[in-house]
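The two complexes that follow have chain A in common; it is paired with chain B in the first and with chain C in the second.
Up next is the complex of A and B:
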């Protein structure tokens, strides 16, 4: 049974890859385009930061480390949750009906038939580049403990954002169109997440910690490894919560999805 | 117990009703108005194993909604559906392996990839054993003459080829029941004939139970013995195709070509139409078979006039269905 599911995931992945490679130049350029689009933003910040020494105690390499977590988790995220992010499209063009007609988990089908490998390479690649540039200059001691912590933090960060997409997908069943909601709560708030949240107004900090908890994706995990002074403003336990919050949010979102799916109304006639 | 049992099923959709223009749009934003649209209203029927049933009705009659409830995509608001011992919308995962569904308007094939890749994916999804898969693939592709385009990307196929591929895609896992929603839409005459023959053969040899919707009455006449007609969400006819004629098709038509121009005096219970100019040679007589004996009518005409040709015709099914849709026939 397990084997069979892995087999299907493999066949799905092969099919998705083949589809992309029907237009192979475009596929490769897509990775590059995503990489450059996101990297340009970082370059702008880099040169701005040459004018200031630090941002609330964070130097440019520490900022890049913060960004690297954001991009790395997003790269992994869109391998698994593109189908949830774009769920409204699947509903609108009627292909979700087809998933219902197949004897497999709906979430499983949505995930594996939509994995966006090339965008993932763009985002993830940038995350790795930023990590390589910054991590060596920050004096982080990499031992078994910190490596395990880092891996758990990345998984937690993926789950936190994945939960947001699953949640929005479930909301889509009631609201039918949710891409603006994703822009507002995901993309707009994500723009704050590249910086230490301590520089922002309290309301924004509140949002980033308790409403759309991007702070747990990169800020608090980075604090565990970097121990900057501004951590004093938050409970120390927050540095350890990322995996817990990830799992809890994901389970809650999944529950909401399971509950909502029975209200699904097929599109068209 | 029948293979498919539908009992008093209803389904309504909430449609947002918008007044026109920008003020209407704003009003809708503040207080959305909804209208209830009853798509299916208290429908019941049952289908036995091995039956092939045509399911027809005008656009918006509720055919697709019914198919979606039968296949488990939609929950009925009330009533019960039971297919092959399952409640489709509750036992989705165990149920859908035993059915196949073809939506003529919506392909399930991978658009950019060769047909065979979609089939391989379906094989993995439905856990079809290799030998069964190869056997089904070979048999169906031979029957539908598909070997020529199995390796072509779906986007390059003609509509007829794509439809055949979609039908095979729904059958690879050897389903017991297949629902077709307009399986011949947009397909040319030859293609339609191929598809009909294929479906008939599967029904006869494999005993696959089939229910299909179509707007092409030839599809029904050439494949189904039984017909269910729905209109505005309610069932209006359920019975043998042949029964339609005896139930609704009691009007007979007699076309007469006289040897010379003439006028015919009105006959009781018979409606006369001039097919040429008034007083011309060709005339049509319409009457109810229970009111007028056809032999009596013919002999009275033959006795009074010189006649060159006579044709008696029964009403066509298509014409009858049209009458049922437009409400001319009393239900």
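Up next is the complex of A and C:
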């Protein structure tokens, strides 16, 4: 850590924001479009709940709370890990070679020279809206303990997903083409994550808990605060593991990244 | 017939062009099956063992999802066909060609749609039927009318995209408009929640929009929910929307063409 690191991060962030918001009308429209695209899933659940009342014991506000964690963590995640999500592009167009020549950490440059602000505002905004609507109606007692738990759970959730992105970026060094892998393991499994995982097939629950642990991003933290009946199917300790898993996964992914980067070969131009 | 020959060639070209990306194609099929599977699991949990809700059985719900998501894969529209040409400027030379650019666009989309019908719809529906099961068509005639209704549904979806693309004459980037359009279609067409289960006021609103005539009308015909006279009027509604949307798109096209400025050269 050099003493101008924070200053440099600030300069990067300012430049990135400027480039994203170059066309201001377009930027507002894009953020709105992301918001609407993601809100579609919520509207569908809202309508279904008007008809069916509960989904395996979860009512509409509890489902919204479950969803809010998913969106909120993604909104924060994408401010820091866009460079990892889109790492394959950086490799392919050769700009990663330029990063290597600069006297700063590669991860530092990748993180701070990229931030998908439209996704951050769209996803994060939706997460906040859902949290505000639902949090007061759930009977959660917000005291120092639950607030600290909530903050740790959000950080853990961001780290879990960040670790996935770092891991895939490191894999990209060997495989060169990983966008389909990301679709399969990240986006496709994420489609299940908005719902209580207890409603799904055993195999999918297994994937969500032990393979790509989305369950620890929103399901188990929500269970800690809501204590729904379907938690009986899982070990109670899982409700406390999110921050631990987040840190462990991130360290493991970071180690794998540091190890793999030595094998980086330019894709050539 | 000679007049259509170039368009057939365009359709054939786009059909063949699709077979180049095999892995992406398999991922696409997997994606559709996964989405059907998720909604099947959710609705099984929602039904919680009940045989029917408001006269709608779980089989009808899954049939709705399998057919509308299957058709969603077939109904290929390239929302950026015109925008990409306007942005790159190649539209200037394409307007000089002795074939209509709209005809080309339709031919290109239909070539893709045919490819999707054979290599996406058929395997997706086959897997879904084996794993989940589907209601049989109400009668043989219903299947035939379903196909006709689906074809008109594609027409409605295509003309909606046609109108949206025209905005690229006025906006630098229509990604936002296209994304919002597609989100509206997802909710209001019944492909994510069957229109039966929407609140009454919402169903009223949807009646006045073109969205229910894309997937929901064909599905209702397949399930035998409409009488013969209702089916005829559903065809008229679909034709009405195609005509209205296409005329509106052409109006924008004429206005836009006058405004067209191609940057650089």
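To be clear about the criterion, the second predicted complex is superposed on the first by the 265 of 269 C-alpha atoms of A that agree within 3 Å, B and C clash if a C-alpha of one lies under 4 Å from a C-alpha of the other, contacts with A are read in each partner's own complex, and residues count from 1 in each chain.
The working rule: a residue touches a chain if its C-beta (ideal position, glycine included) is under 8 Å from a C-beta of that chain, and two chains touch if they have at least 3 such contacts.
Just so you know, these numbers come straight off a predicted model, no measurement behind them.
Participant: Taking chain A as the common reference for superposition, should the pair chain B and chain C be classed as clashing or as fitting?
Facilitator: They fit side by side.
Participant: Under the stated touch criterion, which partner chain does A:104 make contact with: chain B (first), chain C (second), both, or neither?
Facilitator: first
Participant: Is chain A touched at more residues by chain B or by chain C?
Facilitator: So, of the two partners, C touches more residues of chain A.
Participant: Touching A:6, do we find chain B (first), chain C (second), both, or neither?
Facilitator: A:6 contacts neither chain B nor chain C.
Participant: State whether A:37 touches chain B only (first), chain C only (second), both chains, or neither.
Facilitator: A:37 contacts chain C only, not chain B.
Participant: Mind working out whether A:192 is in touch with chain B, chain C, both or neither, as first, second, both or neither?
Facilitator: Second partner only, chain C.
Participant: Taking C-alpha centres, what angle do chain B and chain C open up at chain A, rounded to the nearest 10 degrees?
Facilitator: With chain A as the vertex, chain B and chain C sit 90 degrees apart.
Participant: According to the stated criteria, A:18 is in contact with first (chain B), second (chain C), both, or neither; which is it?
Facilitator: Touch status of A:18: first partner only.
Participant: Of the partners chain B and chain C, which touch A:51 in the superposed model: first, second, both, neither?
Facilitator: second
Participant: Considering only touches as defined above, state whether A:180 meets chain B (first), chain C (second), both or neither.
Facilitator: The answer is second: A:180 touches chain C but not chain B.
Participant: Taking the superposition as given, tell me the minimum C-alpha spacing from chain B to chain C, whole angstrom.
Facilitator: 8 Å.
Participant: Which parts of chain A are touched by chain B and by chain C alike?
Facilitator: In the superposed arrangement, which is not itself an observed complex, chain A uses residues 23 for both chain B and chain C.
Participant: Hey, which residues of chain B end up touching chain A in the complex?
Facilitator: 13, 39, 60, 64-65, 68, 71-75, 92-94, 96-97, 99, 101, 103, 106, 108, 110-113, 117, 120-121, 124-127, 153
Participant: In the complex, go through chain C and note every residue touching chain A.
Facilitator: For this pair, the touching residues of chain C are 23-24, 27, 30-31, 34-35, 38, 41-42, 44-46, 48, 53-54, 171-173, 175-177, 179-180, 182-183, 186-187, 192-193, 197-199, 202.
Participant: Give every residue of chain A touching chain B within the complex, in rising order.
Facilitator: 4, 7-8, 11-12, 15, 18-19, 22-23, 94-95, 97-98, 100-105, 262, 265-266, 269
Participant: Under the touch definition given earlier, write down the residues of chain A that touch chain C in their complex.
Facilitator: 23, 26, 29-30, 32-34, 36-37, 39-41, 43-44, 47-48, 50-52, 55-56, 180, 183-184, 188, 191-192, 195, 199-201
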